[in-house]
Every structure is written in C-alpha cells, then in structure tokens.
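Chain naming follows the written order as A, B and C, and within any one chain the residues start at number 1.
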Amino acid sequence: MSDPVESLAGPDMPAQDVPAQDVPALEITGLRVRFRSLDGRGPEVLAVDGIDLSVDRGRVLSLVGESGSGKSTVLLAIAGLLSGAAIIEGEVRLHGRPIMGLAERERAMARGRGIGMVFQDPGGSLNPVLSVGSQIDEVLGVHRDLHGRDARGVTEALLARVGVGDPKRRAQAFPHQLSGGLRQRAAIAAALAAGPEVILADEPTTALDATVQAQVLDLLVGLVSDEGVALVLVTHDLAVAAAVADRIAVLYAGRVVEERPAGELMDRPAHPYSSALRAAALPFSPRVAGDDARLPELPGRMAAAGGVGCAFAPRCPLATDHCRAVTPELTPYGGGRVACWRAGEIEA
Amino acid sequence: MTVLAARAIHRTFASGDKLVRAVDGVDLAVATGEILGLVGESGCGKTTLSRIIAGLDRPTSGDVMLDDQPFLGADGAVERGLRHRVQLVFQDPHASFDPRRTVGRSVGLPLRAGGMGRGATRTRVAELLESVGLDPALAERHPHTLSGGQLQRAAIARALAPRPDILVCDEPVASMDVSVRAQILNLLLDLRRERGIGILFVSHDLGVVRRIADRVAVMYLGRVVETGGSEAVWRLPRHPYTRSLAASIPTGSTTWRGGLGAVRLEGEPPSAVDVPPGCRFHPRCPIAIERCRVDDPVLRSFPPDVQVACHLAE
Amino acid sequence: MSRSGWIGAIGLGLLVAMAVLAPVIKPGDPLDLVGRPVMPPFTDPRFPLGTDQLGRDVWAELLYGARVSLIVGIAAATGAIGIGIVVGTLAGFLGGRADSTLMRVTEAFQTVPTFLLALALLTALGSSTFNVVLAIAISSWAATSRLVRAEVLSLRQREYVDAARLAGLGPLRIAFREVLPGSLQPVIALVGVTVGAAILVESALAFLGLGDPNQISWGVMIANGRDAIRVAPSLVVIPGICLALAILSVSLIGDELATRLAPQRRRAP
C-alpha cells in the first residue's frame, strides 16, 4: 500500500499550486493587526506592529513570547481566524502566491488547502458530536475530492501516520473517548488531511503531560522532515522551541525583537529580552545548593504595542535615553536579525 | 523536623460499577522549612492526595498527622482547632476567589472566621498583601481587575493569613508566563526561608519541581514510585518512569530530542480504573521482566536517601 | 430600561399607589352600602365605576382589593421563595441522603398542582389572610427549590468555596453566606412569575369563597359580579382587567430585573 500522506501535495493539485523551489512556503510581510473596540467607539488596540517572517519547506519556525506579545494573533491572522473586529494589513504569501488580495471565497479555499492548524486544546478544534474519522473524511471531501470508502482509507492512513494505534477503531471514536495525547494526534491528522504545505501550531503541547509532550514534539518534527511541510510553532517555552525549531523568532509587544537560528539564539541571545526569557526557562538557571536559590526575575510588565522608543526599554537593564526615544528596527545580526540598539551587549 | 506526615493514604471513588483507586497507599512527610515536590502526570492522584492533606477530601483509609497528632479525625474531617495549620494555594487564582467579593474580603475571610474584628482584620490584610509584594490598596478591588500573577500573590496572602505550618500548592504556576512564574516561585522560596513554612509543591512540571524542591516524590497511578532528595533523584533516577520523566524535560538544547532515545516513553498513563497487576508501570516499562507482571514492588531504600519501588533498581 | 420594563414599572406603580392611597382616596369601609345597586360606570361622579348589586362603590372596592392582591401576592411569593431557597440550598450543599430526601419531598410538592394544594390546605386551615398566604407559599416553593439546588450544586464545586472551607468557616455559613448569594441570580427571574402566580391563586381562592370573608378582594368582586354578568358585565370585567394588568406588570418587572442582572455587571475598580 502506498503511503497516502506522501502524496499529499501530489498530482491531484492544480498546476499553478506546484511549489517553486526557491520561494518560501510561507512568507508574511508588514503584518499589522489592530482590533476595533467592541462598541466601535473606543480606541483601536494595536496587537501586531509590522512583522516580516518566512519559513521554508521542511523547516520549523518558532514564535516565542509571553502573553501580550502578539504571537498567537500572528498565527490567527495567517490562518484567517481573527474576528471581524480585527483590521489586518500586510501580505501573506503561500508559496509566493499572495492570498490577502484574493476574493474571500478563494482566500478561504487557498488557506483551507494550504494551511493546517493545530491548537493548544485539541478538544476545541474537534467537533464533540462527530467521530474523529468523519471529521477528517470531511476535510478530504472538500479539499481532495475523496469520498466514502476512499476517504476513510486515507483517514485511517493519516491516523496511523500520526501514531494513533488501531486507526480503524479509533476513527470511529468521538473526541471525548480519546486521551489528551490521542486527541492532539487526531487533530494533527485532521490538519494534515487537506495536504497543506504549512502547519500552524499554537502551543500544541502545553496542555499535555511531559512524556506525551515529548512524543507529540517528535511527531511534529517527523512530519516536517518526512513530508517537507513547513511548521510554525507558537510557544511560551523557549526550551520547547529550542528542541524543535530551526529558527526562533522572539516577539515582544507586537514586534519581532530577535529572529535567528535556534542554536545561535540559545547559545548567545543578542536581545536583552531573549536573554531574560532564556534565564527564566528553568534549565538555564540550575539550582544552587543552599537556601538562596532564587530565580532570576524580570520586573515589570509588557508594554502595549506601538509606543515610542523600544517597548522593552522600561524593563531593560541596558536601556539608554536613545532606546527610550527611538524604536530600533530589525537589522542583520549573526545568522539572523535583532532589533536592539545595544544588541549583543547583554551577558548571556 | 517532620511537621506533616501522611501514612498509608488510600482514596477510592466509585465510577459506575467500577472502583477508581485514585490514591493507593501513599506515605509522605514534610519538615519545617522544606519544599517537597510531588510530581506526576494527569490522573496519577497527586491532586486528590493534596486535597486530602489539606483536609478538603476525606481518605478512604490512612492518617494525616501534624506534629504526631491526628490532623484528620476518625471520620476523615479536620480536627477542631487544627484547620488553620494546613492551607492550600490553588492552580487558578481566578477560580479560587469569589468573583462578587473584594480581594480584601476574601483574604480576610480566615481571620474573620477565627473571630478577628473588622478593624483588626483590615489592618492585618494590608500587612499580608504587603508581605507578598502587593499594594494594600488592591484589597478594595474585585478579583477580575487583577492580573493572574497579582491574584496568585493574593491567594498566597490568604493562605498565610491563619499562620499555617504547611502550605499545599497545587500547580500554583501552571499557565503563567515565565517572568511571572519566577516571581511566584521566588515568593514561595522566601516564605519557607523567612517563616520556616513547609511546602508541599504539586506539579506536573518537572523543571519547576527540580528547581525549587528539596525533596521529591514521583507518583504513578496512585503510588509513589520514587522519592528522595531532589538532587539525588534527578541526578540518578532509579525508577524507569522517573528516568523517562526526567528525560522529557526539554533542556533548552537543540539536540535534546536526539538524546531522548531509549528512555522515551510510549503510550499514555492508563486510568486508575484498570490498575495493572504486578508493577503498575510494567505495560509501559522499557525494561520490564516477567516478575514485574505479577509481583507488585514495594519501596526499597538506596543511599543516600532515596526510595524506589522497582524490582530492577540498583 | 426596556419599554416592557417601563410598562411593568408603571403598572406596578399604579397598583402600589392604589393600595397605599386607598384610605386617602376613599376613607371608610369599602363594603358599606353607599348608593343605588347596579349603577353603570361613568354615570354618577360620586361612583366613577358604578355600584354593585348591593350598592357598594366599585372604585372603592377596587382600591382596597389592590391591597389584598399586592400584600398576599408579595407575602406568599416571599414565603415560597424563602422556603425554596432554604430547601434548595440544603439539598444542593449537603448532598447525599439529605439531598435525595429533600428532592423527593420537592417532587411530591411539584407534582400536585399548585392551586389544588392551596385549595386543600386552605380548606383544612380555615380562611384568613394569613392562611391564604401560608397556603400559597407552601404550594409554590418547589420550582425555586429545584432551581437553587441546581445552582448550588455547580457552585459548591468551585475553588472559592473550598477556600472558604480552608478559612475554617462552618458548613452552614459556607452554604448560606458563600454559596447561596452566587446562586440567587436565576431566582430573580422567577420572582415576577411567582408573585404573579400568587396573585392569581389568591384571586381564584377568593373567587371560590375561600378568602378572608372580611376583606374585599378582586377575586371576591369577580365572584359577586358573576351573578349579574348579563345586566352589569362591568362588575366582572373591571376587576378582571385589573387582575390581568397586575400580573402582567409584575412579570414584566421580573423579566426586566432578570435581564439587568443576568450578565453579572462588573464593578469598575
């Protein structure tokens, strides 16, 4: 039996969708997201303040940040899942093909086929009243014109591919009958069903136990290397990002403050905020014998996006008047980019 | 000096016609100024156990002792006059505060229940909030107007109000941003140093436990499978389950997954409804032998201060 | 406030005004025979709504009848809701055997139609305003009780209730001071309905001659007017309309309260 997952981007795809080799699988440029206030009268809130990112086939990009950094908003904006209160500017390209300019229907179709989405809570993305299998069948029907027994065969193969044992039986199960880890695997299978080139994953292992988290991270990395999809992984845990990502983008107050190869960033973070995140990631602050084993703290709270000067300046040990007055732009640094007037000066 | 000791705690629930053995014979002890980390995955019974120790749930059998006196009476209820000595900090501070009441009112509730007057309570609440690093003016606010980190501090202030000897913290930093997490953990570390409070720190996050606990107890399906000094256990985990858990913590290294190799666990914890015979870990154990299928291992001591329930530990 | 809320408020305001101002507008006993029998309304300025078969002033009867409707309605509903809250809270909070016993009792009360039960109770107790209130309260608390129990059941699992236990509060204090206040919101939606139903039951009992014989009430007026319905339909229609408007007003007010309190309004810091 041929592996149906291998043929996900296969011959049933229209010719213009065949990926060119030299363009990134996903490219976003100048992404800005503002939210209108609920009653329409209050001020708009800026959540994402001009972000450029790209990820190639077979690569993992991780967006890391704390609440308020805008990392999840970026993901939802790419996936087209933000509510009507959001005003989105900028361009999203799937294999070089701009999708923001498309008519709504086409855009939805392009996203549905080109992007698979995995959420923190797999219960939230799976319909509780439909069996896991029938939900995957449905995606196959819409995007790959597979129906009935054909669809179910592919569904079972997909479930097997994501490590669900006994896929025939599990396909008939309802989401609540599966454990958290199996539900997340099923959700990943559903995200793969349309044969996407890009998978967006929002904290996919945060709700899982440690041993299961390791399994699911393995699975995601395996899909990237075997199927050649591009993965964008949003996480608050720098250690998780380091474990799976090729490149890491650190977000702060709606901007990318550092974007570099994972190993480089973990070894020598150039931005003071990356450095603080790394220190707060527990493996980097090993316990010292004795009572005085306090953890390094980062005082203060994240500023709102769109202010004057560097948003991190109020919490930054290196901040100068210049930092407070002029917002630093991303500039090349090492194998990536950093937005800091004093890049590289922080002690790692 | 041991303040709190739990002995042979069992807790079973009826689920339909089946029996769930949520806690299946656990002994624990917490000393003055000590942090005991209780770790395990969801469904291992750690939350049930922590609720029993805090007197919120009654054990099916077993004793909880405070300074060698029974903390729980024969009927499993907290003995009169001892209630204040063990306090609990919940995982979600927004759920553990009455949304209709001010923060100050909730923090002062243990004091009012103890018969303190209105004015004295107000003063004491201000002191308590200050002691956890909060502006006393927050007492007048409602819970939803505080951030998660602020409210968790208030929850710790509330737990400190009756001057407890033992603080049970059930996942107190789960779902918090790393910078807030560090602040809360440091607060707990300060409390045990400055006040000598013993802390039972319950968490599924081994990284956190490893960082702040003095001793650790690893639970699997209602039992403690390995316990001992934190450094000794993490440095040389003897139980295969502990080894897998330890290996599951991302190290921050880009090569971490590659090193996971043989200790990577397959499958997920079975439910406490169907506890396997013999060693309860054997169906997932990478090194199980025939004896493990039939013979339930008991905790054996290893130097310096570790106990392991595994036939193959050495 | 919504338009229906305003209508309810105006209706209830008129009802209260009638009840309170009755002795001012029409001093003396409304049961006095003051004029010619069966005078139609709007014919004699002394009796704007005419007189009944015995020559009593219908306007005066209506004013004093409002007192009975209002007092009995509110008192009986208060009693019913009070019983319901206590039973529901105890059942929900204590759980186990206490819960199943209390809920069996509640079901027993709920299966017997309210009116029949009130009728039977009143027959046994004898007619007086107090007994009418008691009978209506005893026969209509079950719905409140079930509602409160359901709320308490969900609330008592909350961690803030555990926090109250850790604080050392006793179980009754936790049940009534910590859990109950949070569960009252849906009860407010029931207040309008319960008061309206109590007013209706009171009228029906009075109609059957089981009300306090020394008190005029709208139910008694309808009962009396029935004999003359062909010659003087206004004797039935006027108290009937008042009754309908009173019940409508309290339900509209109840709805308004419920919607206003429903999304628990946040207090700004």
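Couple of notes before you dig in:
The criterion applied here is as follows: a residue touches a chain if its C-beta (ideal position, glycine included) is under 8 Å from a C-beta of that chain, and two chains touch if they have at least 3 such contacts.
These figures come from a predicted structure and were not determined experimentally.
Comparing the centres of all chains, each the average of its CA atoms, the largest separation from subunit B belongs to C. Distances from each chain's CA mean to the overall CA mean are smallest for chain B. More C-beta pairs touch across the A-B interface than across any other pair of chains. Distance from the subunit A centre to the subunit B centre is 32 Å, each centre being the mean of its Cα atoms. With each centre defined as the average position of its C-alpha atoms, the distance from subunit B to subunit C rounds to 52 Å.
With centres taken as mean Cα positions, subunit C sits 59 Å from subunit A. By the touch criterion given at the top, residues 66-67, 179-182, 206, 209-215, 217-218, 221, 236-240, 242-244, 262-263, 266, 276-278, 280-287, 291, 293-298, 301 of subunit A touch subunit B in their complex. Within the complex, the subunit B residues that touch subunit C are 54-56, 83-84, 87-88, 90, 92, 95-100, 106, 109-110, 112-114, 140-142, 144-145, 158-159, 161-162.
The touching residues of subunit B, counted against subunit A in their complex, run 41-42, 147, 175, 177-179, 181-183, 185-186, 189-190, 193, 204-208, 210-212, 230-231, 244-245, 247-254, 256-257, 260, 264-266, 268-269. Taken in their complex, subunit C has these residues touching subunit B: 158-160, 162-169, 178, 181-182, 264, 266-269.
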